[in-house]
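The letters A, B, C and D name the chains in turn, as written, and every chain counts its residues from 1.
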Amino acid sequence: MKKLINRADDVVRESLEGFAAAHAGMVRVNFDPIYVARIDAPVRGKVGVISGGGSGHEPLHCGYVGMGMLDAACPGAIFTSPTPDQMLEASKAVDGGAGVLHIIKNYTGDLMNFEMAAELARSEGIEIDTVIIDDDVAVTNSLYTAGRRGVGLTVLAEKITGAAAEERRSLKEVGDICRQVKDWGRSMGMALTSCTAPHIGHAMFELPDDEMEIGIGIHGEPGRKRMPVQPADEITDMLMEPIISDLPYRRGDEVLLFVNGMGGTPLSELYIVYRRAAEIAAQHGLKVVRSLVGPYITSLEMAGCSITLLKMDETLLKLWDAPIKTPGLRWGI
Amino acid sequence: MKKLINRADDVVRESLEGFAAAHAGMVRVNFDPIYVARIDAPVRGKVGVISGGGSGHEPLHCGYVGMGMLDAACPGAIFTSPTPDQMLEASKAVDGGAGVLHIIKNYTGDLMNFEMAAELARSEGIEIDTVIIDDDVAVTNSLYTAGRRGVGLTVLAEKITGAAAEERRSLKEVGDICRQVKDWGRSMGMALTSCTAPHIGHAMFELPDDEMEIGIGIHGEPGRKRMPVQPADEITDMLMEPIISDLPYRRGDEVLLFVNGMGGTPLSELYIVYRRAAEIAAQHGLKVVRSLVGPYITSLEMAGCSITLLKMDETLLKLWDAPIKTPGLRWGI
Amino acid sequence: MTPAIGKRVHMEPQTIHREDIVRWINDFAQVVAVNRDHLTELDAAIGDGDHGVNMDRGFRAVAAKLPSVGDKDIAQILKTTGMTLVSTVGGASGPLYGAFFLQEALSSAGKEELSLTDWIAMLEAALNGIIARGKAAIGDKTMLDALAPALQALKDAAIRNATLAEALTQSADAAQDGMQATIPLVARKGRASYLGERSAGHIDPGAASMYLLLKTAASTLASG
Amino acid sequence: MTPAIGKRVHMEPQTIHREDIVRWINDFAQVVAVNRDHLTELDAAIGDGDHGVNMDRGFRAVAAKLPSVGDKDIAQILKTTGMTLVSTVGGASGPLYGAFFLQEALSSAGKEELSLTDWIAMLEAALNGIIARGKAAIGDKTMLDALAPALQALKDAAIRNATLAEALTQSADAAQDGMQATIPLVARKGRASYLGERSAGHIDPGAASMYLLLKTAASTLASG
């Protein structure tokens, strides 16, 4: 294992110390329990939006704390959901009196820990709403699984929901916007290589030099099927097909197309995927009105990508375009 | 070799097609010869700022085309400087009557091709100024080499120079600002792994599993020395020491600290490096007033990082903070 | 070979005391440390490779915390263990092992010592706590698949009037069988479920740690 | 063994014509294609691993372009070659090989056929063009280190009154020796210079391609 780290046990803390130093103007990092809050939290009268999950997906979630997106994020150990006390303290820290929305990626661990946090927060008088993002169409038989995983759509949900909260909408409205995003978005990902978690010290799965995994999650879990590496266009087809056929997108629908890098894929390759994905969208009569291309929800240094398609309407468009100022996403301000 | 590409020969073109589609609102891509120009180029009365170089460093340079940074960028083949006709056409396309500044990274190929382009552009009546960025302190005996390479500082130079041009300063003034950045900044990089250029198909150099290269460039060139992998803090010390002792930074100096990822290093690791680099800066009495952390000038999927320190004054600070709207860097607008 | 019954009663404790519980948890913390990489490897095969690290982080924290409640009663010790796990482990196993010990705490409230019957009630409560939190069923390839047969074995042993030591040993054996029996299963809960058919052929990591917990109970509590 | 002088004159052409130049460049394009990976490997060792790809891209474009100027004069053919290289190769070798052919074009302006003396003058111009553009000195471990001794060998051959074929062969041999002699050198120009001492022990890729160019000249132009 070769990593720019000191000790495996210190990765999350030291990384957050650097993050705190680099973005002192935007965020404040609490270390016991660990959470990152926007510098001006709590914002009076505004719904607090928080998320969290295992570390190793940076910039998600901590990089999205700031004006127009998250009020706080709770990072767990690498690929391990955070603990309830983190979400409880974060909820208290961002509650401006209008309640707090928890955006959760659908993983057993995340669900249970957030659930406990919500119970505790409610018992302390904070109103909590919860939205579970489960956009991964690679998980087909949700009846026999923990359900679809939360992957790329999470980034879009946090941005759009954060913008809705910024407009001082009510907890109910903010939650409903987030649920709309959850309902209107679908994703699928693939990996060319595995990744190495610092505490494990070797690749999470072995992938021969001429094979790839289709339908991976974001935690170094192997995917649903392994096959010989294909050209980028064919791979893109394999990801787009299940996405488009899952959500009944209709000709004329406006969509946001998000091509995400898993951490170790050059940006130039993501644009090659974007090129083909946009072509396919056009073939289906979908109008790509917004785009996002880059490593926004990663699996350490894994090589690979995911594609997310989110159907847009006027409200979502306006919220997507709204000003945002976070370490990981920024525009308009 | 595992890459999200179709054919090695098509990488640059297809990637630019995706780039053009994803950022149609900001940039326009010309394909013969290849250059990327901001959508509203030429801007009347504004100095045009252009740069270029081999591909494989994305988002540099094409990702930095847009309001407040570059007017155009000329991408060459992977790791190969572009050709004079590209820079000539780009110069013509962005000349708003106030002249064009060429920002060049100091590599033999880049220099010669830009030089020819400048000769041709001048013969067509365009006023051209040239600044050569050569910030890599890993190259020590510049007398016996092609001189210091242009690396991380290029990103900062393009941002600050672009902002100066946006203020409608004269070609001379814009060039002088760029020269000030060139004089006031220093960088050094390292690699944990090599990278694989698509047309070569295998790693550019072999690095055993317990070794690293210190003092690398950004083209997969091996570095000046190879040594056993060290903890991140020690590596950071090794990069910071030559930087700080090269430029006579003085206690009380204000600096911008830029920790750059080479493409395959998780953001979390860059923050671990940032943490230590900021500590060292503080030990030397330097005041870090701005920061930048992320993969801004890369070598495909190489794992590693570089550190750039740029001394700031009021002018540079103001220009750094000025609004910018490019695919790769954006704030204030 | 079987010792005389009269003798047996004197040799083997039939009740579990506060110190036994502390020893059990401390011993398990060491077992987890030793098996950290093993559990992590199991999780890397069908999950995300952190189960050993998660458990180790949690039980290290528990071991550090226990001295401060060493003089408290059984329920308090178990509650502290559960609370500490919840706030240090994270992932799926944090809330689930948290529920295990918190439910054991509730079930043992007010007790100075525990009989086999108490122990059975506690494990029953623990099992239900895990089900309530995780909503898994037996056969979903989770820690339940080691815990449920172990509980059944305890009940069977009690009906047969087995000693505490025998019962604990039989429950550990049943847990081991249950763990082994997870190998052919296709996971339906937790991360491993995303692998579908590919999850078959591997031991469930949570079942493995649950087996170790019950085996440690047998070796620690049965020896008095 | 040496053929009679009278005979030699009839067997071997002493001048180079337009068609010869076209053949030389086309042949070289094929030589580059065959040696593409070899040149690239050389460049990967001490540079950035693109020299073969760069040259191949350039000479493919040249080969595609030549038919359109096949009826033009020598200078026009060489100029087109140089311009095409400049606009397709990039990197260091683009402007440098561009300069090579553009200077040869200037030097051969107006000529219908080339004598050995003309050829020497053209290579001299090419050498100076490369030096003017790249500012390298002999011994810096560049393509110059193959070109300069080849030019010297041509001059020596001319003094000895050698035939064109002999002269070209000797110049190719000298280029090969010059290329080999780059092995121990520490690079002072181009990317390889960043390696410092580590650049020693490898052939310079530009010297290797320059040798191939001059070797192709010998085999193509000498055979008429």
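Convention: a residue touches a chain if its C-beta (ideal position, glycine included) is under 8 Å from a C-beta of that chain, and two chains touch if they have at least 3 such contacts.
Just so it is clear, the model here is predicted, and its values are computed rather than measured.
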item: Each chain counted as touching chain B and chain D at once; value: none
item: Computed distance of Cα centres, chain C from chain A, in Å; value: 34
item: Approximate Å spacing (C-alpha centroids) for the pair chain A, chain B; value: 29
item: Intercentroid distance (Cα basis), chain C paired with chain B, Å; value: 56
item: Intercentroid distance (Cα basis), chain D paired with chain C, Å; value: 78
item: Residue list for chain C, restricted to those that touch at least two other chains; value: none
item: Chain contact topology (line, ring, star, complete or other); value: line
item: All touching chain pairs, where touch follows the definition stated at the start; value: A-B, A-C, B-D
item: Chain C-touching residues of chain A, taken from the complex the two chains share; value: 33, 54, 76-85, 107-109, 112-113, 115-116, 138-139, 141, 144-146, 149, 197, 199-200, 204-205, 217, 219-222, 224
item: Residue numbers on chain D that touch chain B, as the complex places them; value: 40, 44, 47-50, 53-54, 57, 86-96, 98, 133-134, 186-191, 193-196, 198
item: Parts of chain B lying in touch with chain A, wherever the complex brings them together; value: 2-7, 11-12, 14-19, 21-23, 55-56, 58-59, 63, 192-193, 209-210, 212, 229, 231-233, 235, 257, 259, 263-276, 278, 288, 291, 293, 295, 298, 300-301, 303-305, 325, 327, 330-333
